[in-house]
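Dumping the structure here so I can ask a few things about it.
Each chain carries a letter (A, B and C) given by its place in the written order, and its residues are counted from 1.
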Amino acid sequence: MSDIITEISRGILRVELNRPAQKNAMTAGMYTNLAGIFGEADMDESVRVVLWHGAGDAFCAGNDIVDFLKNPPGPGESPQSALINAFIAFEKPIVAAVQGVAIGGGTTMLTHCDFVYAGENAKFKLPFIDLGLVPEFGSSFSIPASVGHLRAAEMFLLGEPFTAARRQNSAS
Amino acid sequence: MSDIITEISRGILRVELNRPAQKNAMTAGMYTNLAGIFGEADMDESVRVVLWHGAGDAFCAGNDIVDFLKNPPGPGESPQSALINAFIAFEKPIVAAVQGVAIGGGTTMLTHCDFVYAGENAKFKLPFIDLGLVPEFGSSFSIPASVGHLRAAEMFLLGEPFTAARRQNSAS
Amino acid sequence: MSDIITEISRGILRVELNRPAQKNAMTAGMYTNLAGIFGEADMDESVRVVLWHGAGDAFCAGNDIVDFLKNPPGPGESPQSALINAFIAFEKPIVAAVQGVAIGGGTTMLTHCDFVYAGENAKFKLPFIDLGLVPEFGSSFSIPASVGHLRAAEMFLLGEPFTAARRQNSAS
């Protein structure tokens, strides 16, 4: 079974992150794969829109740390950079359907989507402060642009989980 | 009767779009007129502030398509560009009072106002997706800057009507 | 008793504006002092975070006008500019705890904080319109960036007091 399942039906490309036992945590291979899927979908006239979701009870637990340590970024374009470039180049709407955890990259990747619909059980988290890492995927720009500096500071500097309702009410 | 009525009283320039039978849809002549009205008001020391509204039960149904087809933009500055330039140059506050429909340009022109007060029956709509047109009056910049990318995407890519309450709660 | 009290405890630098009889209005000396406090705190490894508040029942009534008239800005860097530069250079989180009035500079200084928690009795006001002054501390940029042009226009052009609840609900 592939780590990412795709299916085209009536103009909709469904993309499913499919590592439910790992809460769909992203491996290097999955970033590369996903970048390729968006690249192809952009040229494929049978694709009008992307519906993106996770298998099982989660959207995405972020980077798979075990895989990341085994496959550290080397010289050249990293798998993560390939994906961000694919997002930037992509010209069709991406609709994300989020349930359960969306942690780290699982949240920041969403900032490149055009529609993000989250279930009441969706739990977002930007744990970069705990990891001593700079927030990735352009999120230190996109999240303040979206919710203002104050609310973004709360999300990034506290690193506490938040819900979609909190996100909605957070005019900052 | 003019398509645009103006009246100065106690420092307030009242500007009324006056084609109620057409829900105050804008003709080429009205764009040119309105640009001239703002240009003069900016220099007129008896004008301190502009109050802008529509006649009848609507604010503005946007571009008058019949007139637009009869008077397509030619070379040189279009009537629409003249108006946007007048908005940008205008140094006094514009207060918009919105009731009923505010569609297309009827919504995007509002992004150049300083105060927009809308009645509960006000209905906004950005139908550019249905028309296959790029959103005008700088609205693809100003609306995301105001409500964030996610909510702006909903407004532009779905093209569905929204109310002022929806707009208010939409921290994006 | 100093006009600004500081105390370091368990990594937290507590900064208290301490002119309660004047609602902690800022004198030229206090701006200079505060700039120095932030400058030192940035280099002091025993400081991890700043907690900033006012003495008595107010956060800060803004510029002390009597003092300002006695000590007008001369050539060179003004005390206010020294403070804004200190804010920009400061690399640690500033948490502001606001109760009572936060007027003029008492509000605009907050736009350089990372967390602003306000009590229900907190009253903000941007009275620059009444004074015929350009809003300071970069607030004509930072406030629209945070709440959008429409709500910022209301705050700046009306100059009326607003509460934290209003600020929260103001998606612009």
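Criterion: contacts are C-beta pairs under 8 Å (C-beta built on N, C-alpha and C of every residue); 3 or more make two chains touch, one makes a residue touch a chain.
Everything numeric in this text was worked out from a predicted model, so none of it was measured.
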Point to revise | Fraction-based call for subunit C against subunit B, same above half, different below | key: different
Check your understanding: Through what angle, to the nearest 5 degrees, does subunit A rotate to match subunit C on its C-alpha atoms?
Key -> 120
Revision key, fill the gap. Subunit B and subunit C have mean C-alpha positions lying a whole-number Å distance apart equal to 37
Study note, to complete from the structure: Two or more other chains are touched by the subunit C residues 169, 171-172
Exercise for review: Within their complex, state which residues of subunit A touch subunit B.
Suggested key: 93, 113-116, 142, 145-147, 167-172
Practice item. Quick one: which bits of subunit C touch subunit B in the complex? Just the residue numbers, please. Key: 148-150, 153-154, 157, 169, 171-172
